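Step one of this worksheet: look at the structure below.
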């Protein structure tokens, strides 16, 4: 995707299921991703927007669920998803100290977009997730705000760059350059081709822990790098999307599996590393206003034992998305002249 | 119901919604209740069975959710309901120290009943809830077991007694005689008459706390009773059933409202008082084996703002069911000659 | 407090425990409250700040826990409290659509205040809670921001106004004027006088539901008011503080009891009404940096059955704080000329 | 331990931390393990007891927490641990359909043991966990009961066998013989040597998924075995013990990391595979009756960032314990003549 060399191009194939055409969360019809990257000296950060479905999200919400593995983080909007089971805005990713400003910008954008639907709109649940890019970005500057949110939303597309772009600009994964990655899996259900895809913002782990498809190449890389006694205080955000009809409980079971994909790449879920997963389905859209004056609406759900296929798709795609975020990353020189080595510099070890 | 004088017969009307015909959880079509009461000197206990729907529950499960307000209790089967969102056996209520034996008996009964369906059956999630009747029952005797489970299941009916019967035999509510109570509410949805009903096993509270429809009659009753410095170490189990199609998340929101009904009767949710609610719907049955070789099945859900009507129905019916459990109770003389006063002895205060 | 006539001044005494000297959350030593009220035509809103303890909160955090009864809300900072069990900033209350800007302002204020402690500070968990004041406030204007946060923080004091002030300015409680209320309870533990206090931001309920100490005066008030078919879409935020040493689990049990106090005032926990409680203790402060190079630190906890006393204190103080928020409120005329009747206009019914 | 050849004896060393002397959960002082194994034709099952600390557990409880990754299971006793944060009985492991009888037996054993302490004892929270051994054991016979519980409790010792013993007798792990395994990690805290150990009951996974220290040997083994289209419907129970003082919240964070150790061995957390972890500390014992008439007791907790060391210890010991459960297992021929290959038959692949 986007001409970047991804982990498959290095002959690493995660799992056994087939990927979608783009091997990206945008294989799920309706999903789009857009970045706004800020690369300006000591400020190396940005926003990444994930549009979970087409159409007006506020008037036709997507069903969703959340799984928090390690709640050391500052996410906005999760509580309401847990209660109501829906997402009603694009999902925004940014850095830790800019969640407030980005939230406010998303509120304004949603108010504007929905003037025609409910006038005046009284409440909206902005969904904003974050990782802490302080090592490469001068995070105290809180440089990301309204302008960057609009840029990211303006750049929404089924094609998008991975690696050190958007919210991923200043992120470190296993102390190498991290960022944004994506992958997908394809499956047949009742004769229909369906997709489950993931997008990750990666910022966790110690170098020595890194596993690539089970191979402990992190140990070798760590030996070649300068000693580093810093604790792991990164994080990872996982967005899982699919076009398979599920209930909120089933979506939560899928979100719960993200941790397996993360674990496969070596992370020890450190104290300082917030891990949050959000899963949504583009099916079973939930209307904001009553339709045809009916209280009861028809939806669909999956036969529970068939969830196994989705669990596998989630795990495989998260593991691959993490590797994609690393292998596509380019070198970033940021605050205090900091930079991270790139996984592709160690491609011979793969 | 059953010829007993209930709280309405004392001109106490809880809330504003209309009750179902029986004002009972069995107003929900398919729901039945059966008791086995043991009243033998120092043993004053029993089993109450709630059948949540007709047909074979194991092969056609009902959707359900759980809300634990105070987890000081020994319930069996809740973890799987939270994960899979279904009930696959009758719900059994008994005393605290007999949960193990009653669970084993329910497993045996389910294995037997389902020999034809899946042979051999390999797993079943028995649902057994309890309160502690030690004040009136010689609970150390662990007198309730397989025989009583079969009796209770054999007595299933839409008509059933309330008060000091079944699992309620030895229970104390606000230090008066407690036990089993039920109530229901009726509503129209899309032109169809629906019911939401509750059944409670009441064993919580201090006398001075008791409120009847907001009236603090417990204070007056407490003044007339001997001083009692025992802490509140009772519990309450709430079963909520309805014939309205809901998702598991929506069912959990209903279960969460049970606590409001409990609070209205005066309880302070004491440290020692386990409060557990289970909510189920008879709609959206979940098949144990795949139907027509299809992975995707159609279900229905309620327009979310319309949940308000169900919340009110749940709260009103729980408050009324608690009062019914007390006002219908008869005097029980149990272990060490203990007995509790009856609410109906204080009917003049109502 | 503050010369306002509170519910006790109307001879309504909630519960049986004694109140602290101020009958306020500020009876807990170290706790302070400050408001910034915006009353400017169509903008009727504000910020209320609760300082949970003295000293630098970031370097010496307070233990805390969260209870979400109805997660229809946009709170910021709860996830990390659930994971790490600490609060490290003042608690800010505001309106729903201003959470982003207020969060960003709190981040900036914390960065500034802590330049000396950890330079540069890399992460902070801002705690911002909200209710929706759209009926009286032109919420789309998103008028509350950095200036108001600093004002509220600058006004911190043990004395503070209640009613239609600060974040409470535009709030409606049981469709009467709501706002900020507080109350406390005093108890002896091991020979020491301790306090548990609550502060509430009230914005929930239908008039007909209102109970004052069990008395259904809401029904009478509703008959005198114009018909109103709007659903309940308010919310209530509850802050509980104490100077009793507890573990995070024990704090959560206390937060869980807030719902009982709310229920006692008549609310049905409507679909649209977010209910969130945060409980903290000023004891067992948690150091941000390791002390004396020791991994193990001593703390204290309460003998579990003694929690009953705290549960009662929490329930009583929440019920009374809600009534204080209403009875102290003054008339607010806001957007579209809207205003709410005052509870004190119906004082004869109390 | 016990003369069995463990995974280390095959030169597989998991992680980087040092193990305790026995490399077993019994390296935590006070912890003991006992089995009762039933190997009688079609009945191949048993009970394993874990004593979490010395002394009378009911009068001096251990602090504990629970993490449920996949709640497809029938565990008993978890709800109360979540509420009160303590374990007050030995932990028993058995097969799925015998949880009721084993629970009842544990209640009886606890009543007997505590006649002197609280007479009569009124309540006890039995802790019983399970996996489903139907492939090798005629589970419908429900053969495990009171006799076997007493045997297992009578066999408690710091030395115990691993593999196809006790509750592990009929278990299948990655479709090879599974069972009971253990491991531990040692660390220095404030100059004191501490231990964190794990014990697992393994019954999950498909052969093709098995990873041994990152090496995908399961794929090779699967190719040599007969085709097998059965879904994964096993489970894994993880018990984590340590002698480090922690609060209940900190214990839950440790329990949460069990899933990483499980993931490292290849499991996809299948729909049908219940995963439950319980973590306890032998420090901070919680008294059943008030001590010295004091409400406030002193306990200790760990400086939060130091949790990283315990997280690593938990993850490493769980991964190694799973491998120990497999490599020590002996061939079991059970119901319908079923048996599972042994991991040690594939030792050349390690």
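Order of writing sets the chain letters: A, B, C and D. Residues in each chain are counted from 1.
Simple rule for what comes next: a contact is a pair of C-beta atoms (placed from the backbone, for glycine too) under 8 Å apart; a residue touches a chain by one contact, two chains touch by 3 or more.
What you are looking at is a predicted structure, and each value in this text was computed from that prediction instead of being measured.
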Practice prompt. With chain centres defined as mean CA positions, report which chain is farthest from chain A.
Written response: B
Worksheet, complete the sentence: When A-B and A-C are ranked by contacting C-beta pairs, first comes A-C
Worksheet item: Roughly how many whole angstrom separate the Cα centroids of chain A and chain B?
Response: 43
Worksheet, complete the sentence: Chain centres from averaged Cα atoms put chain B and chain C apart, in whole Å, by 34
Discussion item. Need the CA-centroid distance for the pair chain A / chain C, whole Å please.
Written reply: 34
Worksheet, complete the sentence: chain A touches at least 2 other chains through residues 70, 83-84, 253, 304-305
Item to complete: Report the residues of chain A in contact with chain C in the complex, numbered from low to high.
Response: 68, 70-80, 82-84, 96-108, 111, 120-126, 132, 134, 139-140, 142, 233, 274, 276
Item to complete: Give every residue of chain D touching chain A within the complex, in rising order.
Response: 69-70, 208, 211, 214-216, 231-232, 253, 256-257, 259-260, 263-264, 267-272, 304-305, 307-308, 311-312, 315
Fill in: Of all residues in chain D, those that touch chain C in their complex
83-85, 189-190, 244-245, 247-249, 253, 286-287, 290-291, 294-306
